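Presented sequentially are two complexes of chain A, the first with chain B as partner and the second with chain C.
The block that comes next holds the complex of A and B.
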């Protein structure tokens, strides 16, 4: 009976029938197909609580169909916005029964024991790795309790536990702890992103919030360093500036061997006393400020320029060309 | 023990006697040798006749050297520059020569007065000054009044403290450098007095070197009389100050200085400022030095000085000045566009007096510490004094050796300049500023360590001194021009040795082998020990090994990195440390050798101290050079050291995680 039920659920025709039936049944008691359990929740209500509720419901009502349930849940994990949440992955892996799938004899150990389940587990762990969710000891223990100490899926989590912490901070521009597991607002995220992008350590990042009725919950983030302010101050009246999306900087300088030692010291003195090129002065452009705006259009960008003007008086004398939404606004 | 020492000293005496015969012959030919002198006087005379003999032996190059000397004099004595290779570099610059593994034996003879009367004169002068200062100076009153009291000013004026280096024709004393050093040793009785004399001294030097005849006649007599109260712009200030000059027609310019940080005599009436202007022909910015005499300002001109509240040095005016005035051509010092060079001379010429004052202070501190420690009971054992405490002895040992090193270096350098030879002392002068800073920092730390709990109290007798030192160190140039010293040395090394990189792999391999061998077993080539007392043989060997190794390392560095070495601050700093050690070793060896040979009091202690200093420094040098030669091996020590500082700046502080932090 169970096999039939299983296959029925997997059959496309039965699935269709089920979906129709489920639509008609009351929400609490209706019979829902595994995949439909996630699909049936209307998009505005799709959140972590709903996702965890579905898992809890599955664990409560069923003792089988784990692989199907997990596979279908992985399809929706992003839609529910829980793809970067470690608790969700733990709950998903906890769906597997404990002890039953641990190999007991040598043959079971040699051959892949419960291959579908193990592959499914690896799939969950892959998803987790892909989204950069850091594993912890608990998730390792969950997998060990389900599949044994040295099984196929367990090796995957052990390798993840070995490598992922090593590469956790490979992006030296961001301390991921400031973002991970935190519910940051848009403007806070913008601040973190600008801090990452500003290669000048002296950069000041400031937030401007509009609190009047018309501009409620609207914000602008400014990032500018003293050397950028200085560069801006040095511009002549009438110079043209452009506002557009940011591009990567050219930070690397090729070292060449110079072996002409005549007048070395005098040349070095001159070079030393001459003004240095800042990181803001790139080959084809000079970056004078960075910013983030709540809405991507020229009008908002213009407000950002106005804010910038408060600390950079020289902006009044310059011609600013905004090219945020493709249309030029001078 | 003494007889052993005498026996040990005998071969040296014999040697110097042997050498003396040749020199005496030359002297006798010129009628300079007086046969009625005793042996010791002859010996003493002999050593000091060195400069004259050498001056004549160089007669073939005299004309060329004189030209160089003229240029050198004109462009200042202390601004660091490269040397041309017309004259062997080791004969003109001690440090550069040592770095090239070239040795000039004349540098091993400690320079001193030719005439004993000169020594007695300056000793008498300093004695009177010391006593007058003891009578007139009350440190607490100086702090309270926030300026030198009339009594102190009169003492300084009556002792011609403002006229030390001003030439005689302009009403000054025209003292030689050795004299000046002796006087400055006494002036650090209170750092306020030092600073009030030091600023006019430096300004007087600048005007003597760069000033026109008219400027000299106008200002130098006033400085000598103490009527001119100068203040100088501080180069260390990088905050929001500006001094721009707009050049007008007929040689007149408008100087507009805002918030320029100056340090000077109380109620200054003469300002030395550096302004930037646009060169009309090249259209580039150039810096010039301007002399602003407050008494000669017209009604339209504006000048406002606001005093800062400093931690120490309360009787010295430190603050910001705003000046708007017309300056004439005659107020530019050393011509338009020479501001940078004059600035570096300003910094350079202040270093030796400061060093001498630091030495004087440290000597007085050691004397006071000796009295206090002998009277204070030990914190460790009953019935014993703090002076018997091993730790206290160890702390004082380090300070005493530092004082001995710096004192030797300062008087060695001053004497070299006084001898009037074509010796360039730019690098040595800059090295002295490192030694001075180290000594002053050591003085503070010794006082705190020996003082113990007492030093936490505001009634601690050295409380004012500690405040004054920290203020002074933050104001005066910190001598951190490591790059200038190192690159001037390396640049001279490359031109003098005609360095060319070896492109053949085989040749490079063979050379590498020989260089490694030279580093491991340097061997003796110059036999420097022959030119010093036999007791200092070990010290001389250490010096010679160091010379040989530095040459090998330099060759390796330049061969591997070429001019890119200028980017590698870590290597340059190590090089400067080695140069500094070499300089101290040469000056202490030659001083101790002289002292023992002529039988000065406690000269046996000097020998021990010199040997200890050389032993320590040579090991430090070996470590630095080893690290440098390893630079291109697997352990890239210096770049990684720098990377730590860079990471702190880039990432905004100490970003290393706590050792207790877990990652999962």
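The block that comes next holds the complex of A and C.
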């Protein structure tokens, strides 16, 4: 990984946003280290266009040094912010010449034909997998055209094409399409997170934005379901909250195979009672509301409680303890 | 009433989505049991001792030897014909001097005799004409039946589980810890850092793992074979929104089985609610050293001797997974045998022939 590639190539005459160090030789004939191509672009200009420009320039000029070029461009892929972009990986793999590296006889097929190139291709694909970029048929075809149908590098992309879509939507709690490739604001993300966290499907998620001259971006997201409101209403005024804890939840009740039906009525009543338990009454706590705040301190959390009080009148009668930045605030 | 901070689902903390140092905080608002009132704030910011140490180190770098490539040497690619030893670590050779062994002897004798006594007592207790295992085999397990195998309420129970992360192997900067909480559960928490150690050897970093190390007396393997008639793995966990992975390890005596494990992701939703995660055994896919294999087959629970929970989701930041128990669950309506296609591979494949 940390190997430096000292391959040199002739710098092209036109370079977008690049400033070259002065040298005795004429600009178009000087030898430049491959990484200069990426390093010389100033950080604010490092984007997809600049990256694609560098690849296009390399392809235009050179018929060799592909592996060195790809290795050094992989180092800069994150700095240019293109590590989650499928087009970039396609462009990178398109750098490999077509047809030349396809094995022609059995020995070439058995042994790693063009090993450096194939390992480099696997590295690009691995990088793609690491960043969670989903491959498509086109990228498979690009690899096939460069290395042949059943070569080692092609097997890698075939495996990716088989497994990655299989496990892509295995997360049932978050639909990745709601966040992937989108620039969501903080409060939108908070809403997505709260929807993911609150297991009651009836939960209302609401956003409160504060109009303030000094701080423009002040918001609070509330999430509470009707059954949580009902639970809150049931609490008595000035409730000694520490004394009323929820019964331990018995999810899988140990059943004894006894044939004693003398207490069937009590058993039936008990079972009816236990099935009434809401999802919010967890093992050691009862969850009454969820929320997200823009800043992490007690003052902001207190504003969240104030917002909750508008819909839950009973909250005024209860003792609330905030414990966010270490100091407790009654 | 207590307001407590919960870690946000981790997709929010990707650098592309939220600028670092963003102050979004998720709150839950709950009424708690009395014993929890005086507990310390559970999630604290972890420092990174190894990183500081590395930065301060002068002269020779505090890193391992660079890997060598040679035609005749063992390749470093983890495939099942290539596992160096049961630990899976190249060059792993724990050597002890006679003095060390003698020093260790009394403790070993004490531990082993305890295990033997426990096993004898178990045998005496279970001596009966009824054969529960046989009854399970012929299909007397009921629908919705669950069996909790591992709890985390006592120190003894927790000591069966070992946690580790890349900084333990000098291969990264992540940290992790595994400890009990006040409500009889265990918390696997720490910090994931994908920063790679610049030693030219490590290519990826940022993992933490928790693994069961439960053995019978005299270091004999304990198999999870009693699980074979159940259809699902059941975990009661409370996570932080990250996606973990459950691994069923099934190494046997032959070297090409040393790396065998069967994996499936464990997704968490985060927040204060417990989740009962039921993963069908039919969905576990075959991996060697974490790599999905071409030839797939169903997990054979008779060979499984360990179970692990790993995290390597490529996202920097704190993580926390609270575990109440791990067990199995039977769903008689689940008739799927194996969820993936089992192709017939050509003679010359990656497994050899």
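The working rule: the second predicted complex is superposed on the first by the 198 of 330 C-alpha atoms of A that agree within 3 Å, B and C clash if a C-alpha of one lies under 4 Å from a C-alpha of the other, contacts with A are read in each partner's own complex, and residues count from 1 in each chain.
Assume a contact is a pair of C-beta atoms (placed from the backbone, for glycine too) under 8 Å apart; a residue touches a chain by one contact, two chains touch by 3 or more.
These numbers were taken from a predicted model, which means no experiment stands behind them.
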item	value
Touching partner for A:268 - first (chain B), second (chain C), both, neither	first
Chain B versus chain C as contact partner of A:207, first or second or both or neither	neither
Which superposed partner A:320 touches (first chain B, second chain C, both, neither)	second
More chain A residues in contact - chain B or chain C	C
Contacts of A:86 with chain B and chain C, given as first, second, both or neither	neither
Which of chain B and chain C A:137 touches, first, second, both or neither	first
Chain B/chain C common contact set on chain A	172
Residues of chain B touching chain A in the complex	81-82, 340, 483-484, 487-488, 490-492, 494-495, 499-501, 561-564, 566, 649-652, 663-664
Touching residues on chain A, where the partner in the complex is chain C	1-3, 81, 84, 110, 130-132, 155, 159, 163, 166-167, 170-174, 179, 183-184, 186, 189-190, 192-194, 196-199, 235, 241-246, 251-252, 279, 282-296, 301, 304-305, 308, 318-324, 326
Residue ranges of chain A touching chain B (in the complex, touch as defined)	134-137, 161, 164-165, 168, 172, 201, 255, 257-266, 268-269, 272-273
Parts of chain C lying in touch with chain A, wherever the complex brings them together	1-6, 8-9, 11-12, 16-18, 22-34, 36-37, 41, 146, 148, 183, 196, 198-200, 202-204, 236, 241, 243, 265, 267-276, 292, 294, 314, 324, 340, 348, 350
